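The structure's right below; bear with me while I get my questions together.
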Amino acid sequence: MKKGLIAFVIFLGALTAFPLIFHDPFTRHTLIMIMLYAAMGIGWNIIGGYTGQVSFGNAAFFGVGAYATAILLANYGISPWVGMLVGCFFSVALAIIVGYPCFRLQGHYFAIATIAVGEIMLLVFTNWGYAGGAVGIYMPILPESFMNFEFHTSKLPYYYIILVIFVAALGVCRLVEGSRLGYYCRAIKEDPDGARSLGINVQRYKMIAFSISAVITSICGTFYAQYVLYIHPTSTMDLMMSIQLCIICLIGGLGKLYGPVIGAFVFIPLTELTRVYLGSEGQGVDLMIYSLLIIILAIMRPQGLWAIFSKGTAK
Amino acid sequence: MKDMLIIDNVTKRFGGLLANQNVSFSINEGEIIGLIGPNGAGKSTLFNCISCYYNADGGRILFNGADILRKTPEAICQMGIGRTFQLVRIFKQMTVLENIMIGAFLKYAKQGDAAAKAKETANLFGFTEKLALQAGSLTISDQKRLEVARALATEPKILLLDEMMAGLNIQEVRETTDLILKLRGMGLTLVLVEHVMEGIMPIANRVIVLDYGEKIAEGTPEEVVNNEKVIEAYFGKKYIAKRRGHTAPLQ
Amino acid sequence: MEGVFIQTLVSGLLIGFLYALIAVGLTMIFGMMDIVNFAHGDYLMVAMYFSYWFFVLFGMDPLYSLPAVTLLLFGLGILTYYLLIKPIINAPMLSQIFVTFGVLIFLRGLAQFLWKVDYRMIPQTVLSGNIHLGDVYIGIPQLTAAAGAIICNGLLLWFLKKTRLGMALEAVSEDKEAARLMGINSDRMFALAWGIGIATVGVAGALLTSFYYVFPEVGANFGLIAFVVVALGGFGSVTGAFAAGIIVGLVEVMSGFLIAPQFKFMFVLALYLAVVFIRPQGLLGKK
């Protein structure tokens, strides 16, 4: 435990010092993206990795967070921080509405249902004029400030905000892991019927896990909206994004605290690299690499790359 | 307390198959009850009805006076009825300690308290040295005991044990009966579905016999062993008739 | 107004037959081994690309290259089984989900890499044009596709019910152990099921290429529709898939016509959700 804490502090220190050493926007942007996806991955991991409920629709929460902020800011001038809270509220509502009927379903039925809900959300937002339809929403450019959650001269403030979000997500996951919720989720993943014989209300705990997942992902959506200052359905609610979250957790390590972190540190740079070096010739190469990794891991060692970093006992 | 658990005319159907038919008996606090009968008699079905993995089609099941026929399995456990399963179910990917902790979390919400309770329970079962072992790596006998430990950690009033002694050797059976007596000494009421007669008969207060879904006998172990219907159920009518027809004992 | 309504009905019916064909392989595989092939739609995409390239490279009309494409997909199905499915047949559900999920991503990545994201379409096929029946226009490719789907489904049903091999397949689907005791090698049957299941998607893909755009993501929507059909018809039921395919086709086209065209896919998805909440076993499902 001690060693882990030291390693984490060093890691955190490195992340904090990083942008002070590397000033170029592209490197900073890459790290921002890594932390963003890592945080979302942690969110997915809570429902997918720990509780074993595969969701192919988590991007919907991202979209809700992004759109709540965007609509409130663009149409009513309300601060994005308020928008963040509103986004969380709606995301939890969505999680409950979807979860309540869907969690009664068996594993693959649930997975398909999440795809269906994700696609429905995408369709609705693409055709909803109030939310900008297919064109989306351009965030109004406001004077640079923390209150306004907009910074124009440097990426540094964005970097530290996402760093805080990332560390917070890690913290939440760590808390869950050590708590009754975490133990119950792992029990549900392994043997839901056996879990019920121990007094565990499986439905309720799935919903709690899903709601936490929704909140984390929604906050990331709000951040993204304020970072990129333009959102539209395909960039915020696409099935591909949901799939990417799964990929990150799968290759990094399902149900392990740092799994999504490792996954994001592999995924984002690899995707960027293939794009930069192979260009349009290399489109799809990164997907092939990930998919082969996933298949191999699923067949042989389900712990992901995490197993290489830990003193992995082969299970 | 008398009549802690009352099974009153319980019936359970699966399509055309009548798995439990008008089964009635009651269990008093502190008893060790044996539930026996040939394979397919409906013993595990009855357990599933009591613990609400199935909802019985007819009759009543009363626990401390409350009707529990249509509850959920988790509610049953919360009310104080714990159980194990015929095919041992433990969380194989978790450690021994974690397994028991999951049970302990029912009454002890904080991780520290649950861990303490789990360690205490583990001691009872002799798992103190094995806490960090992965549950899937234990012997079958240990896995069964872990399943009981886990259920015990939920602090039930009644434990339903489904074929706990199946596949155990003589030494292990004796250890198990000792354990069951110790649990009774702690204030638990125990209902055991069993096929291992040398395990259940010596310790049971009363034995209930099911055959083809119906209760055919109830009484002390001595009474049941000499009951005509029970012998018939296990050995068949033809054998009984043959025995009666010979004056000399069969070879 | 009347004519438009009948037109919609006919269109829905025609595409419905095709949906049934796409879904039937998915339901067969699930019925036999409890595995949901998340990549099912992407095999369709592969078949479509095969058809397309047969046309571009050899000038073969999709209808003529159909047998070759079907055979290729049959082989692909068997390969998938031995390489990827057999190792995880007893693995936890999570692993099973992720293996076919991995195939989904792999196939899309491969298609993007080999053929880019451009939309392609075969300009002129042997069957083009419309038939005119009163007020109703029926596209000949669509009609052929529907006819092909009906024939293929019929052949499959005949195979399953009337031939020894087919009945062996059904036996393994019903009760693996009992079938084994009767000398049926379930491993070979599983491979065969995968072969046939993917081959049917091959037929559907070849038929589709006559009138539909080909691009790497084309399998996504069809795959999703296949899930809806299978859920509605009942996971594991071939006849159920046939009936459900038609219903889904009708729901899609009719909801597009009666309510809003841009939301017609949404109604199909909503149908899935409705089915799994109200009657999870579908119309004729066994599981």
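Labels for the chains are A, B and C, by order of writing; each one numbers its residues from 1.
Here is the rule we go by: a residue touches a chain if its C-beta (ideal position, glycine included) is under 8 Å from a C-beta of that chain, and two chains touch if they have at least 3 such contacts.
The structure presented is a predicted model; accordingly, all values stated were derived computationally and were not measured.
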{"item": "Labels of chains that are neighbours to subunit A and to subunit B", "value": "none"}
{"item": "Chain nearest the overall C-alpha centroid of the shown protein atoms", "value": "A"}
{"item": "Label of the chain whose CA centroid is most distant from the centroid of subunit C", "value": "B"}
{"item": "Chain centre separation (subunit A, subunit B; CA means) in Å", "value": "45"}
{"item": "Computed distance of Cα centres, subunit C from subunit A, in Å", "value": "32"}
{"item": "Separation of subunit B from subunit C, taking each centre as the mean of its C-alpha atoms, in whole Å", "value": "49"}
{"item": "Per-residue overlap in subunit C, given as positions that touch at least 2 other chains", "value": "none"}
{"item": "Of all residues in subunit B, the ones touching two or more other chains", "value": "none"}
{"item": "Subunit A residues touching subunit B - in the complex, by the definition given at the top", "value": "178-180, 183-184, 186-187, 190-191, 193-202, 313, 315"}
{"item": "Subunit A-facing residues of subunit C, complex", "value": "36, 38, 84, 87-88, 91, 93-95, 97-99, 101-106, 108-114, 116-117, 216, 220, 224, 227-228, 231, 260, 262-263, 265-266, 269-270, 272-273, 276-277, 280"}
{"item": "Residue ranges of subunit B in contact with subunit A within the complex", "value": "51, 53, 72-74, 77-78, 82-83, 85, 89-94, 98, 101-103, 105-106, 109-111, 114, 134, 136, 150-151, 154"}
{"item": "Subunit A residues within the subunit C interface of the complex", "value": "52, 54, 101-102, 105-109, 111-113, 115-117, 119-120, 123-124, 126-127, 189, 239, 243, 246-247, 250, 254, 280, 282-288, 290-292, 294-295, 297-299, 302"}
